[in-house]
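In what comes next, chain A is part of two complexes: it sits with chain B in the first one and with chain C in the second one.
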Partner chain A sequence: MIETMSGLSLAIVGAAFAVLLAGIGSAIGIGIVGQTAAGVVTEDPDKFGPTLLLQALPGTQGIYGLLIGFLILQRTGMIGGNPMDITMAEGWLYFFSAMPIAFVGLMSAIAQGKAAASGVLLIAKRPEELGKAIIYAVMVETYAVLALLMSIMILFGI
Partner chain B sequence: MGIAKMNKLYLVAHQAEKDKVLAILQQLGVLEVSDLQAKDVEGQAWAEMVEGDQEQEALQSLEARLADVRFSLDFLQRYYPAKKSLLAALNDSKMVVNSAELSGSAAEWDKVSSNVYVALRKTDEKLMLLRNEETRLQNLKIQLTPWVKLDVPLEEIKATPLVRTELGTLPAAELAQAGAELAAAAPACYLQEINSDRGESFVFVLYHVSGAEDVPAILKQRNFNRQNFPQLQGTAAENLKRIEQELVKAENERKAALADAAEQLKYRDQLNYFLDYLTLERDKKQVVANLARTGNAFILEGWICQADLPELKKKLAAACETVEILAREPEEKEAFPVVLENKPLFAPFDFITKLYGTPSPRGVDPTPMLTPFFIVFFGLCMTDAGYGVVIALLGIIGLKLIKTGPARNLMWIFLAGGLSTVLFGWLVGGWFGLPLLGAPLFFDSLADPMRMLIYAFALGIIQIFFGMAIQFYRLVRQGKILDAIFDVGFWYLLIIGLLLFIAPGMGGIAQSMALAGAGGLILTQGRSQPTIIKKFLSGLLSLYNITGYLSDVLSYSRLLALGLATAVIALAINTMAGLLAGHPIGYVVMVIVLLAGHTFNLIINTLGSYIHSSRLQYIEFYNRFYEGGGRAFVPFRLKTRSIQIQSELQNK
Partner chain C sequence: MPNSDRYAYAVGRIRAMETRLLDRGKIDRMVEARSADEALKVLGESEYGEYLADLGSVHQFEKMLDAELRRIYVELRKISPEPELINLFAIKFDYHNLKVLIKANKLAEKRDELLVPEVGNIPLAELIRAVSDDDYRNLPAHMRQAAEKLSELLRLEPDPQLVGLLLDRAMYEELKDAVDAQKSPFLKGYFTSLVDLLNIKTYLRVRRANRPKDFLQQALLPQGNVDMNKLVQLVEPLEVLVDRLMFSPYAQVVEEGIQTYQKTDTLTRYEKLADDHLIKYAKQAKYVTFGPEPIIGYLLAKESEIKMIRIIMVGKINQLPTEEIKERLRDVYV
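What follows is the complex of A and B.
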C-alpha cells in the first residue's frame, strides 16, 4: 500500500491527524470542565456565565488543529480543487508539520481541562477570583500555542 | 497617580453623637473602619480606660426584621419570579431617596412590610396544610386504585361473629399454591383475586371463624400482606371519586391562596427598599462592634485616603460638636488598604489589574504601565480590521447602555482593543479575512510569519526591559541604588550584549557587554550568602536565570500564533462560503455560513486575545517588578441594591 501512496496522501493523513487528535483532546477537556461546572451550577445557577467561560478554554486546541489541517489542505491545493503533485519527501514534511499540534494539542487540552475544572471549584467558593482561575488554565495553553507555532513554521518552511 | 496615599485616622466623640457620626461616615463612604480592640489603642493611658462597644440587642432586632422582609421577598420570588433584564441588572437602576426623608419613608415601608409579612405567613401556612392534605390524598389514591374492582363497601371488611374478611396482597407466583392450601385446610374459605400488578396479586379473602387459626397461618406463610382501610365508607371506586373531588378542591384552594398572595406583589418594590434600609441600619450597628468606648466617649479607628481627609473633617465639624479627629501617615512597615487611582484614560484598565489581585501598598500600581501594551497585544492577537470594527462598535454601544460598574470598564477595554485591532488588522491582516481597502498596508503576516514572529519577540523584549526599568526606578527610589545596579543593571548589560551578537559588525562590543554583565552577576548575585564559596556559587547559578528571560520572550510568540489563528479561520470560513456560490440556494446558505462562522471566530478569538493579552501582563511583565499581597480598600458606605440615597453631604 505504501508503494501506491503519493506524497499528497501523506499530507492529508497529517491534516487528518491534526484535526483528529487536537479535537479529541479539546472534546475531553471541555467534557471534564462541563461535568464539574454542572455540579457547581446545581448549587448556584448564577455561576453559569463564569463556568461557561472556563469551559471554553480547552476548546482552543481543537481550533488550532483545525487551523493546521486547513492550512495543509490549502497549501497542497486540496482546497480549490487543484491537488498538487507532491513527492514522498515533501509528503513526510507535511505529515510531520501536523504532529506538534496533534499531540501537544491532545495532551494539553486534557490537562487544561483538569486545571479549568479545578478553577470551576475555585470560583464556586470565591467567585471574585475568576481571573486567577482563568490564568491557571491559560498557563497550560502556552504549550499548545508553542506547538501551533512550530507546526506553522514547519508548514511555511516547506 | 497609582496607589493612593492613605492616612490612619482616630476619631473620638461623645456617646450621644455616635449615631449621627456613624450616619455621616456611612453617607460619605470614605472611611474604612478597622476592628479596634480596646487593648490596641495607642498609649497605655487610653488602653486602661476603654472597653469594646456592643449594641447586641438593637443588632438582633434588626436581623430579625431583615429575616421577615427576606421571607416575604423570597416567598414572592418563589411563586412570582421577578424578571430583571440583563441591561437593568448591569445598570443597577435605583430609586433615589433623599437622606432627610429616609426615616419617614422607612416608617411607611415598615408598616407595609409588616402587613405583607402577616399576610404571606398566613398564605404560607395555608399552602403547607394544603400540601400535606394533597400528599395524604395522593397516597390513599395509590393504595385504593388496585381495589377499584372490589364491589364490597370497605366498612364491611371486618370481623363478624361468624365470618372474617380480609384484603391484602400476595406474590402472584404464590397465589395458586395459597388457594390450593386454603381449600385443603379450611373448606369454608373463599379467595378471590381482585387485581394484579407488578407481580403482586390483590386478593379478597373470606372465611368462617372455624378457620380463624389455619387461614391466617397459611396466608402468612405465603407472604400475605394485609391492607386496612379504616375510616373509609363505601366501595373503593366511590372513595376514589371522592378523593379526586377533594384533590380538585385542594388545588382550587391553593390557587385562591396564591391569588391572595399575588395581591401583595404591588408592595415588592417597597419591600426591596425596606430591605436596603434595614441593611444600612444593621451595617451601622455592626460597625459599633469595632469601636471602643469609655464611660461617655467612643473611639473609632480607620483608614482614609489622604485626599478625602479635609472633606471628612469639615463635614463632621459642621454637623457635630464633640468630634475630635487625629490622623497620621502610615508607619514604616504598616500595611494599609490599597486604592488604585488613575487618570480617566487608564482607570478602566484597573479592571485588568484587579483581576490579578491588589498590589502591595509599598509596590507599584501597574495599571498605567500595562495599558498601552495590553491594547497593542489585543490588536495583534486579533489582527483583523473587520473584527476590530465590530468589537469597537460593541464597546461604543455598551458605553451608551451601561452607565456604571465594572461592565462599563470592560466596554472601554473593548473600544480601545477594537480600535487597536482595526489598526493592526489593516497593517498586517485583512478585513474579515479579505484583502480589502489596501490591506495589508504593511505586510501580510500570513505570507511572512517569520517577520511577524521577530516583531512579536521585539515587543516582548521591549516590555520586559520596561518592566526591569520600573524595578530599577523602584529600587532607586527606595534608596537601594546598589541593588538596582546589581539586580537589574547587570542583567541589562548581559541581555543587550547577547542581543547585539545578532547585529552585524557589533561582535566586539557585544562580547564585552555580555561578559561584563555576566561577570557582574557572578560577583554580586550571591551577596546575601555567608561564605565566599557560597557567594561565588550562587552568583554562578544566577546566570541560569537567563533561561527565564529566554522563555519569557518566547512566550510572546503567542501574539503571532493567535493572530494567525484568527486570520486562518476567517480564511477557512470565506473559502467554505465561496464553495457555495453559484446557485440561488447556495447564496442563502453562503450568507448563513459567513455570518455564523465569523461570529464564532470573533467570539472565540476575542476571548483568547483578552485572556492571552492579560496573561502576558501577569506572568511575563509583572514578574519583573510587581509586588502583590495588598488588601483592597473597603470603605464603610451606603451599600444598597434598590435605593440610592442622596444626601447634601455627598455634594463636594
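What follows is the complex of A and C.
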C-alpha cells in the first residue's frame, strides 16, 4: 500500500487525524461536563447559563483540529480543486504537522472536560465563583494553544 | 475511559443537593429555640418544610424524619449508577425490621411503631410473612441462617439478647460481603472504622455488665482492624485500652470518650465522638470529583442530620437544658 501512496495521501491522512483525534477529545470533554451539568441543573435549573459556559470550554480543541485539517488541505491544493504533486518526504512533513494538535487536542480536551466538570460542581455550591471555575478550566487550554501553534509553525515551514 | 465518569451526573446532583443540608447555623438555631414548636419551625426553610404542614403536633416529628429517610433512599437509588451501593446502606433497616418482628413474634414484645417500612431492600410484608410462618427461605443467605438458628434457640430459651447478638453478627457478615463487592477503598475504610468503634463500645458495655470472656468473644465483630480480644483483657484497667490504642486512628475518640465514661458512667460522649470520627472520615468525599464517594458521603450526612434532628426534638420535647442537647450533637458534614 505504501508504494502506491503519494505524498498527497499522507498529507490527507494527517489532516484527517487532526480533525479526528482533537474532535474525539472535545466530544468526550464536553460530554463529561454535560453530564455533570445535567445533574446540577436537575436540582437547580437557574444554573443553566453558567454551566453552559463551562461546558463550551473543551470544545476549542475540536475547532483547532479542524483549522489545521483545513490549512493542510488548502496548502496542498485540495481545496480549490488543484491537488499539488507532493513527494513522499513532503507528505510526511504535512502528516507530522498535524500530530501536535491531534494528540495534545485529544488529551487536553478530556482533561479540560474534567476540570470544567469540577468547575460545575464548584458553582453548584458557590455560584458567585464562576470566574474562578472558568480560570481553572482555561489553564488547560494553554497546552492546546501551544500545540496548535507548533502545528501551524511546522505547516508554514514546509 | 475511566470508570468514574459514570458518576458525573450523580455527583452533579449530589453537590447541588448538599447545599440544602442543614448547616451549623440552622442546627444551632434549633437548639436555642425556646420550645419544641419553635425548633420545628426552623426546619420550615429547609428540605423538611414540605412535611411540616402535615404534622398534627410536634410529637409526630418522627413521621417527618421517616418520610425524609424514605425520600432520600428512593432518590439515591435512582441517582446512583450502582443501586447496590445504596442497597448496602439499606441492609441495616432489613435487619432492624427483622429484629423488631422476631421480638414481637417470639418474645411477645410488640413494638410495631419501631418498624421502618419502604426503606430496606426486603419488603416489610415479606419479612412479616417469613417470621409468622417461621420460613426464612426467601431471605438473603446470612440473614436466613441467623434467623433459622435464632428461631431454634429462642424455642429453648427466650432470651431477648440473643436476637441482637445473632442478627448483628449476620448483618456485619452480609455488610462485609457487600462492601468487598464494591471495591471502594473509601467504603472499606469507613466500614472498618465503624466496626472498630462499635467493638470498643461493646467491650466497654460487656465490662460494665460484668459478663464473662466468652460472652465478649461472642459479641465482638470480627470484621474490624482492631482485635479487642487480643488487645486487652476484661480484668485490665481501662487506661490499658487507652494506651494500646494511642497510635490508632481512634486515639482521640477513645481517650476522651473513656475519660468521660469513667467520670459520668455513660457512653453518650463516646458515642458522639465515634460518630464525629466517622463523619470526619466521610468528609474526605468532598474532595473527590467523580466516584461513589460523594454519594456515600451525602447519604451518611443525611442520616447524621436526621439523627441530630431527633436528638434536638427529643431534647426539646423533654425540656432538657440547651447545654445538655448541645453536648450530644454531632459534627455536621457541610
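As a working rule, the second predicted complex is superposed on the first by the 158 of 158 C-alpha atoms of A that agree within 3 Å, B and C clash if a C-alpha of one lies under 4 Å from a C-alpha of the other, contacts with A are read in each partner's own complex, and residues count from 1 in each chain.
Quick note on the criterion: contacts are C-beta pairs under 8 Å (C-beta built on N, C-alpha and C of every residue); 3 or more make two chains touch, one makes a residue touch a chain.
Every value quoted in this text rests on a predicted model; they were computed, and no experiment measured them.
Taken together in the superposed arrangement on chain A, chain B and chain C fit without clashing.
By the touch criterion defined above, A:36 lies against chain C but remains apart from chain B after alignment on the C-alpha atoms of chain A. Residue contacts after overlaying the shared chain place A:145 against chain B, while chain C stays out of touching range. With both structures placed on the common chain, the touch criterion links A:102 to neither chain B nor chain C.
In the superposed model, A:124 lies in contact with chain C only, and not with chain B.
Using the contact criterion defined above for the overlaid structures, shared-chain residue A:44 touches chain C, although it does not reach chain B.
In the superposition on chain A, contact of A:12 is made with neither chain B nor chain C.
Using CA centres, the angle subtended at chain A by chain B and chain C is 50 degrees, rounded to a multiple of 10. When the shared chain is aligned, chain C comes close enough to touch A:114, but chain B does not.
Counting the residues of chain A touched by each of chain B and chain C gives the higher count for B.
Overlay on chain A (Cα): least separation between chain B and chain C is 8 Å. The residues of chain A lying in touch with chain C in their complex are 28, 32, 35-44, 47, 114, 117-118, 120-121, 124-125.
Across the complex, chain B is touched by residues 53, 56-57, 59-60, 63-64, 66-67, 70-71, 74, 79-80, 130-132, 134-135, 138-139, 141-142, 145-146, 148-149, 152-153, 156 of chain A.
Contacts from chain C toward chain A in the complex involve residues 1, 5, 8-19, 79, 289-290. On the side of chain B, the complex with chain A involves touching residues 354-357, 449-450, 453, 554-555, 557-558, 560-562, 564-565, 568-569, 571-572, 575, 604, 607-608, 611-612, 614-615, 618-619.
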